[in-house]
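One structure below.
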């Protein structure tokens, strides 16, 4: 019989941002229970954070290593089933590796790791252990993204010719990292963020969205990265020309200095017979354009959408679902797969739909390639 | 020390709509635990529904009466703290009354009751018992609604002159109730819905939003209700002229035959110096219009919003929050007030902000007045 | 053989607004030549205004009476064919009457006259003389309005149930007429504007648009007019409930105190099978909503639009046509009818489509009825 | 004393598109009179076309050479003042050169010529003769483009960092040129269009808009052009990375295979302190984004816009002005400059604002550079 699956969290203590998002996303559908955490590398802070979440003190651990060890020692009906890793990039690899090595499934924030080597090691570990691994490229959790993917894969817009994917933000248009702002601090620090700034933080989301929605793979790219804010060490803006494996062309634009933009991830895909347009900030709408018919406004919950879109929608049309719901779709699907695994049954294929470690490896490759292309003078580079 | 508060649900079993919404809203912020339910008047269906939610069979009750009795008999550390009522209108009064009489706090879906008499009785009971009572006029839970309310109350747009509030839907443009569709069935049935159809189901939301946002009270109204679908017994469309207590004029338009409209609640308020416009389907945007300056696009999470707006926002700008988050704001605030009550401390006033039984009474008055006005030939009627 | 038709203008001298609009509209399509004018009641100002327009001094007259007399005396190949009247409301009747009595066709700005009696007299004169008379309810000149009209008349959205037409402006939210602003001055002056303020100036456009687009007639109305700006003598805001001859219901909202609104005429029409929505400020778009299909964005120049829409479109899709083009459609059609009349041939019926004196009479009736309804306490009044 | 200036047209006979646009644009403001034309290389077709326009047969010429010769022989008070050239690209150079050599001013459609050599020759001729030369890069005629230019030049958004300019159309997504469609025919024919297809037809507009609005110059570019429609000989899509002279980066995207796009020219400019966004299809709106304030919706006719914006606006806010009005601004300014020249007085500098032969040369350089960059493998190329 199915039960709630039990989550232990790494990171996400007081003052963090994405940890709270993961907890809300995990809680929304009632399939997951938070049972423990190593919320901070400071044991006292971790304990206080656990208290905020109504956890007993003995399950707020002082380190991820302690958590994994002690949880492993608990009886099966009590110990956590999986680890959720919500730390900065340079602290993904350690807990993910140890969790996998100790038999715990993993949900990990993106990008997968600090560098490609770590990513490849994790992929190998996942293959060896057979454990479940979800990477929270959450934007693919939106119903209308899934509907677009189905429209494209079923040929409704014909062969894809052009993809324009953008992810402009403006919050790093000034040197925010100098003010002590925690999110800006680690994202602009090569020691914690990795080889890329904006391209790692949000460019990878754009890359993942484009490939997920179109089903195509980027084959070559030409990237012109910039650092516009004086004194910054990592790219805060980049333009990338893309060539896909089917001959389609593309443009990827990611920026954190686009003043006044909030979180404006958007994508346009043009095929031989139709075009699609989706904006994350208005995620319940998918615009479909046609050769010989009026443009259509497809909406979450309206009409005969793809089964995958319907299965990832909770409420009727016109009741907007947002970021947390899309994020929760990743967790819900992961939980359903895990419940099936625990129950020894096959999962409904509709739920077997979340980004995995292989998406994470691809994201790390993307980071390495755009950085290399740009460093070499913005030249074409195989991907 | 604070703890999660414990919820028992009345209604919301398999096949229901709003029950699931309440559960997700209650779960989102990790302050509330579902511990029991009387999910259906059919005991077996109730038990199965409870199982879907991972509840033990002994806490899936066959009736709300059984639930209230048996929970009352449980030890204090275990029994539910409050009842959440998510049944059709004609089954609000019974469980709400019994819960209050037995010392349980209440969250109730809107409209408050089947008729004004029931509503007045509930208000009296709440006053007598001193228990907490939240009514889920959820649309007032949106951050930008709270920001608009603060802009108006602080005089930023000057004295309000005109209010236009609309709630068009199209889902009842055909005789859907004949097809066995459960939601359409009870909403169009005078025995379960009450004296009004569209005006009760969604007109009350519009009335509540207008009064909440502006801080004004409707003083007189003139309503022209219609039944457009043949054979239907309750209004499916209505236009209402409004006069407010400060001399402002208004228009309220609610319809369920507005073909192609999803859930398009929206409001415009014009004052002496500025105007505000908000659309529920794009809830993170508030448009502010001015005499001598460009129109501004105010957005959830951007800039220096009212404290109440900030306190009801979970994630950064551009990460859209939707219907469930607004709904969850009602539950979160209710839970915070209840936790403070249980701990014997004062609640942070920012959380003491949710619709109560008095909003419910006002909604029932609205229903009675618009029905009377229209029945008398669409004449002006005091409110 | 066709030739350009010759226009004489009454009003529209230096400092005027709508006169220039009429001249641009008349010039756009190359069918009309401005040959003379009585641009001001001040002969010197009229002469200077004529000079600005490259007219010879002898054809810039000191009064409309002089113009009509002297032009009548010119040889047929030279004298004006029609008079265009662009003065404030109280100076419509005089020149229109005299022009008709002297055999000149007329184009007249709206509303038709100062009161209903004048309007009825003009209608009688038009009937007696058989001359052409166009009234510039210019908003019906937009292609997408014509397409909507055709969609409705051909039954595509089924029988109309509900009409919501709005015309909010904000420019009179303060007492602008006290500042010497000429447009505000006469529009708020009962001696020059007539019995109504906002309802006459823009409410009549809304009424005309609703009836033109739907093909229905308003049968009863209930109007609540207001004067919000202290010291003003005519309504600056009004809400009107409507009942149409087919049983449809409606709301008409016109205001000049809606702060921040520019010229936001818009209409929504809901039928049994579909809904239409059009906004004058984005006039090339018509939104079509359906029971069972996605919402469609119909656009000027795209796809298979109604013949009337195509005939009133000049340039390809995506090249926005605006207010002047719609206004020019009235003039172009009037000119085509006049050319055919002069040539003694039948006009292509596609051009026999412009508002006439009977639309003007209906507008004046509307003004009288809304003023009466409101004065009697906002009661239902036959129309 | 000022008079209307007299225009002779080359091209634009029956069946043409852009000729009619030029005539409407020239007529709108009453400053220009069409007096003659060589509307077609077929003399009979030219004569018939002239008749459609109410021209006398003797001034509908059989060739541009005939027109220039015969008009030159007419008395000064009668002969044309300037030539307007509205033929396909390969027939720009001949009439422009001959007109200049014979003392006639010129308005020419874009791109300036068939290749860069012709363009350079024309620039030299303009310099030598001192005659006026306008190139109809009409999109810079929009008031909000001029306002954006002024905001940038005055430093309101700080130093520009990023420019994204797009011009997607969809009309050539299929092989329309095979169907006999005239516009498609010459634009896809290297013998009539020149070295580029989409990049020449619309890419040059995007380049011109970006440089006009920002005041920056493109210094380097990297272009990846494509031919997506089988059998086509010229690019129908292209993506270009840009580097500007101040260090700003850019993306230019032009396509004629973007299915469902009409004429969606748009631009975003991000500076250190603000961002601007403008869409040609909704040209009366300019979105201004800021570091620390809400996004503003700037609108034609509203508030305190730049003098250049106000001088190119004809009607009050909310009365949409479109493509023809922007196009007419080019003609109006050209006419004002020509009137001043004829009268021997200085022109008001506000009117000395239209694209000239030097913009045309830059456009031809752009075409040559993007074609070369792409042909060399999409490599960086100096501009």
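Each chain gets a letter, A, B, C and D, in the order it is written, and its residues are counted from 1.
Everything below uses one rule, namely that contacts are C-beta pairs under 8 Å (C-beta built on N, C-alpha and C of every residue); 3 or more make two chains touch, one makes a residue touch a chain.
This structure is a prediction, so every number in the text was calculated from the model and none was measured.
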Quiz item: Which other chains touch chain A while also touching chain D?
Solution: B, C
Practice problem: State the chain with the largest centre-to-centre distance from chain D, centres being mean CA positions. | Solution: B
Quiz prompt | Shared interface numbering between chain D and chain C [over half = same, under half = different] | solution = same
Self-check item: Between chain C and chain A, distance of the C-alpha-averaged centres to the nearest whole Å
Solution: 55
Quiz item: How many Å are there between the centre of chain A and the centre of chain B, using C-alpha atoms for each centre?
Solution: 34
Quiz item: At which residue positions does chain D touch at least two other chains?
Solution: 261, 288, 295, 299, 302
Quiz item: Along chain C, where are the residues that touch chain D in the complex?
Solution: 2-4, 17, 20-21, 23-24, 27-30, 34, 53-54, 169, 171, 261-264, 280-284, 299, 301-302, 314-325
Quiz item: Once bound in the complex, which stretches of chain D touch chain A?
Solution: 157, 161-162, 164, 166, 168, 170, 173-174, 222, 224, 226, 228, 237, 239, 241, 243, 249-251, 253, 255, 257-261, 268, 270-275, 288-291, 295, 377-380
Practice problem: Please name which positions on chain A make contact with chain C in the complex. | Solution: 288, 292-299, 302-303
